[in-house]
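Take a look at these structures.
Here subunit A shows up in two complexes: once beside subunit B, once beside subunit C.
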Partner chain A sequence: MSTRVSMALQYALGTALLLGLWQMLGATAAFGQTLPSLSSVLATIGSATERPILAPAVGATALSALAGLAIGGGCAVVAAALRYSLQFAREGIDRSAATVHSIPGIGIAPVLTLALGRATTPIALAALATFFPVYITASAALGAAQSTHQDLFSVLGASRLQRLRRLQIPAAVPGLLDALRLGAPGAVLGAVLGEWFGAPRGLGLVIISSAQNYQIVQMWAASLLTTLLSVLAFAVASALQFATRRRFR
Partner chain B sequence: MNLGSLALGVLRRWWVVALVVVLWEVVVVAGRVNSVIVPGPAPVVGEFFSQPIFYLAPLGDTLATAAVGLVCGVCAGYAMAACGWYLPLLGGLLTPLALVLRSMPFVTLVPVLALVLGYGTTSALVICSVVCFFPTYVLVSTGMRTLPGGAEALFEVAGASRRVAFRRLVIPASLPSLATSIRISAATSILAALVAEYLMGTPGLASLLYVALDDLLVIKVWTICLVVVVVAIAVFVATTRLEEFVRTRWQ
Partner chain C sequence: MSDSGLRVDVWEKGVTSHAQTALNPPGSRGGHIVLRGVDKEFSIRRRQRFVALHDIDLEIPAGSFVSLIGPSGCGKSTLLRILVGLEAPTRGSVLIDGAAPRELVQGHRVGFAFQEHALLPWANVVENIALPFHLAKRPIDQHRVADLVAMIGLNGFEGSRPKQLSGGMRQRVALARALALAPDVLLLDEPFGALDAITRRHLNVELGRIWDETRVTTVLVTHAVDEAVLLSNEVVVMSRGPGRILRRVPISLDRPRTRDMIASPVFQRLQVELEEALDEAESAAR
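On to the complex of A and B.
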């Protein structure tokens, strides 16, 4: 428990340091106009003119990230289950998952834009970004059931499917939530990257268009909101994991 | 016989890649998509070989940016982690900062960094370095803290100076985590170089992509993307090999 508290303290301290540094550099105009202070960015987020632009953008990005997380995470769990049941395909699936992961999002975003359309690209990239971390953790999680329990199931004559449903899936839940925790920030990142390629709405679009129009404070506001969204995704997944820890231990 | 088993081995490892190419061809041939928008694998590869220099020269620019950024970022990250080991007070001060920075989506901050640093080749380099710096710092300082059990005490009892302990104990112990951070940073560095080029228009594969996308030169877009994917996979395989080698040698 004390490591948890000290961890939380370190996070809080780090955040405070970073925000303090930002405020100081911005207030003294160390980088000129390009680095506005934190307080002016926060004021912009709250202002009546910017809120109608930023709020729907946050919603759109969150929705894309969530859809991508569901699709990418779902595919990853299916792939991990296939890997678990098909021994001979294991090496191939492992290698291709890693290969998929090594492809930079910006490298395929234009092709996705052409093939799937501008509005679907953020979801697809979010799904791609989620796939690998979820696949790796889910593969480990499926093997998490204790071998003595596995033996018991075998002795009692359970079929593979029964064993999967009654033993391996419940035993894998904490690991799968761990996967969610790792995948969620990646999904936000993927969604924003996808929105750079002409998506009709979202935080990525706001970042790009404010950069092109030299709307510096708006751009910082959108970037800050992106970071907050990805931190929030991480926090929600962590809370979910913590809440279910007792049930599935 | 030997050639056959080799082919089988390659196929066992890469069958999904082969499957993707076959599926791509089938989808195009079946005419479920407009072949103007989605060309098949053969025309894309053909386009590349019809004018390889057109693609390879910008690829060189991109790889140079990514490589220089990788070297600078990894060296700076390693040096910073070493400073943290030498001066525990500094390490204690930097650890919470590193924890927070690790969860930040850095690639989405590229436009912000570009704005602060100004548009140009130098800021593309700085962006790649920054993106490589953080994973290296975090991983290497963890590696420097998880020394083999009792080793540090042994060095102290035997009267080794901090400097000797660093050279004989900490450096070898940190090499596996350095290799891991190179593998992670290399992929991120290429991504960051491409994003920086795409947003700032500095010469490279991504600025070529920007032009091709703007003029709707579909076959060029596909070819550039294919080049990026192949290069990324090659870098991934090479860095994974490096990591495996370092891990078997120093762990």
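On to the complex of A and C.
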């Protein structure tokens, strides 16, 4: 059995165990009403009354996460490229990135809501959550080119720009996709967090309003969908990485 | 300058006319290399320096094939890196056709093959061979690239990526890439060092044939004495501690060089002579 197959089996087994435990605890009402069974949560997601609430919420959160990922990831790659080409600014950029990372999302969210508006806050927080992991991975990826390749480009009289375009960037592609893999689930989480603070739609809004209205099953449904969205983002990024790894390594 | 006994200069010492024609064959272009009093020191720790090369005087006429052999650590690879401007000498001067190595590199007139093939993994055979055209901002000469592919015998592998090729094939592609812009100087840093003996011998003969066609000034760094004799006009034996030139041995075998020559008495005699010089270099280091 190949390692990949056995690993997939392990994942499947672990997930099945966890979901089975959830179902058992929920069905026996071990925690009372606060933990409904998995089957009842799934039935809620599929029900005619809840679906019109949940489906657009998933779409809105996915869109915010994607926009945040694009903005945060784009800024991070640009910052990493600047860090790479401006030796003297290296430490300054590193510190700024670390500072951005140290801002707690939950603390800045109300401020962002005031400054950017309720609809934009989820995107901003998703971008913020994406920035640091992508920045770190992209910085490492831009230095990934082998030293023999660097020597080759020196010997062939390559300019700095040619070196970046024909060596550093292609050599960085696998690392950049690693960055995407790390950043994508974070973007979903950032978006949901942003939606807590009065966003007009999204899974975060459903979670907060159902919690306030004691709609426990609906809250669990939204949480489960958030988790699935996050896992899906990771899976898509992983698939993209797998597909391109053959091309660039 | 000290150690004058170790310094040999082809022109000043007046080599025989026969050897001179062998060193400077007809049809050669630029690539006249002159090193004068070259020292190279590396700082290892604070205030501690390692002398990699000491007082190297070497003149390589345009259109010749010179091999550098010597024990590991004798600075032969460092010398090659100095010739292409990857390292700067601590003292002394390096001129190729009267200009600094950097200028030659900026003019895209150097071909270099590394011990590791250094092919770009995301590019196929043709794209790898064409890379020097891109970096020199010249239009890609498709005929030239096709000729090079044919020359290294990789027809049918144009679209293959490096990891789909054998070790020998990769080195051939690296050689073709080094030759792509018809350089004035070809520098080879143990390009066949990692290959098995049969592939190596095969590529030796192939490189000899290519050199006969191009007559590009070539400096080959190698560990293999037979390879050096088979290919060169002259073999430079280096010693270490510090790296210096121990002996220069002209190789006046006829060209084209063939595999059969290896069994000839002249070849054997040269090989023995060089082995002895290498032994001397080894013991000098201790």
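Just so it is clear, the second predicted complex is superposed on the first by the 248 of 249 C-alpha atoms of A that agree within 3 Å, B and C clash if a C-alpha of one lies under 4 Å from a C-alpha of the other, contacts with A are read in each partner's own complex, and residues count from 1 in each chain.
The rule we apply is simple: contacts are C-beta pairs under 8 Å (C-beta built on N, C-alpha and C of every residue); 3 or more make two chains touch, one makes a residue touch a chain.
All values reported here derive from a predicted model rather than from experimental measurement.
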Clash-or-fit label for the pair subunit B, subunit C on subunit A: fit
Partner, of subunit C and subunit B, that touches more residues belonging to subunit A: B
Partner chain in contact with A:30 - subunit B first, subunit C second, else both or neither: neither
Degrees between the directions from subunit A toward subunit B and toward subunit C, using C-alpha centres, nearest 10: 100
Touched partner set for A:170, first subunit B, second subunit C, both or neither: second
First (subunit B), second (subunit C), both or neither touched by A:110: first
Partner chain(s) touched by A:5 [first = subunit B, second = subunit C, both, neither]: neither
Which of subunit B and subunit C A:17 touches, first, second, both or neither: first
Which superposed partner A:151 touches (first subunit B, second subunit C, both, neither): second
Which superposed partner A:162 touches (first subunit B, second subunit C, both, neither): second
First (subunit B), second (subunit C), both or neither touched by A:48: neither
Smallest distance from any CA atom of subunit C to any CA atom of subunit B, in Å, after fitting: 21
Residues of subunit A defined as touching subunit B within the complex: 10-15, 17-18, 31, 34-35, 89, 91-93, 95-96, 98-99, 101-108, 110-111, 113-115, 185, 188-189, 192-193, 196-197, 204, 207-208, 211, 216, 219-220, 223, 226-227, 230-231, 234
For the subunit C and subunit A complex, residues of the former touching the latter: 84-86, 105-108, 110, 112, 114, 116, 118, 120-122, 131-132, 134-136
Residues of subunit B touching subunit A in the complex: 12-17, 33, 37-38, 95-101, 103-105, 107-109, 111-112, 114-116, 187, 190-191, 194-195, 198-199, 206, 209, 212-213, 218, 221-222, 224-225, 228-229, 232-233, 235-236, 240
Contact set on subunit A toward subunit C in their complex: 146, 148-149, 151-159, 162, 166-167, 170, 173, 247-249
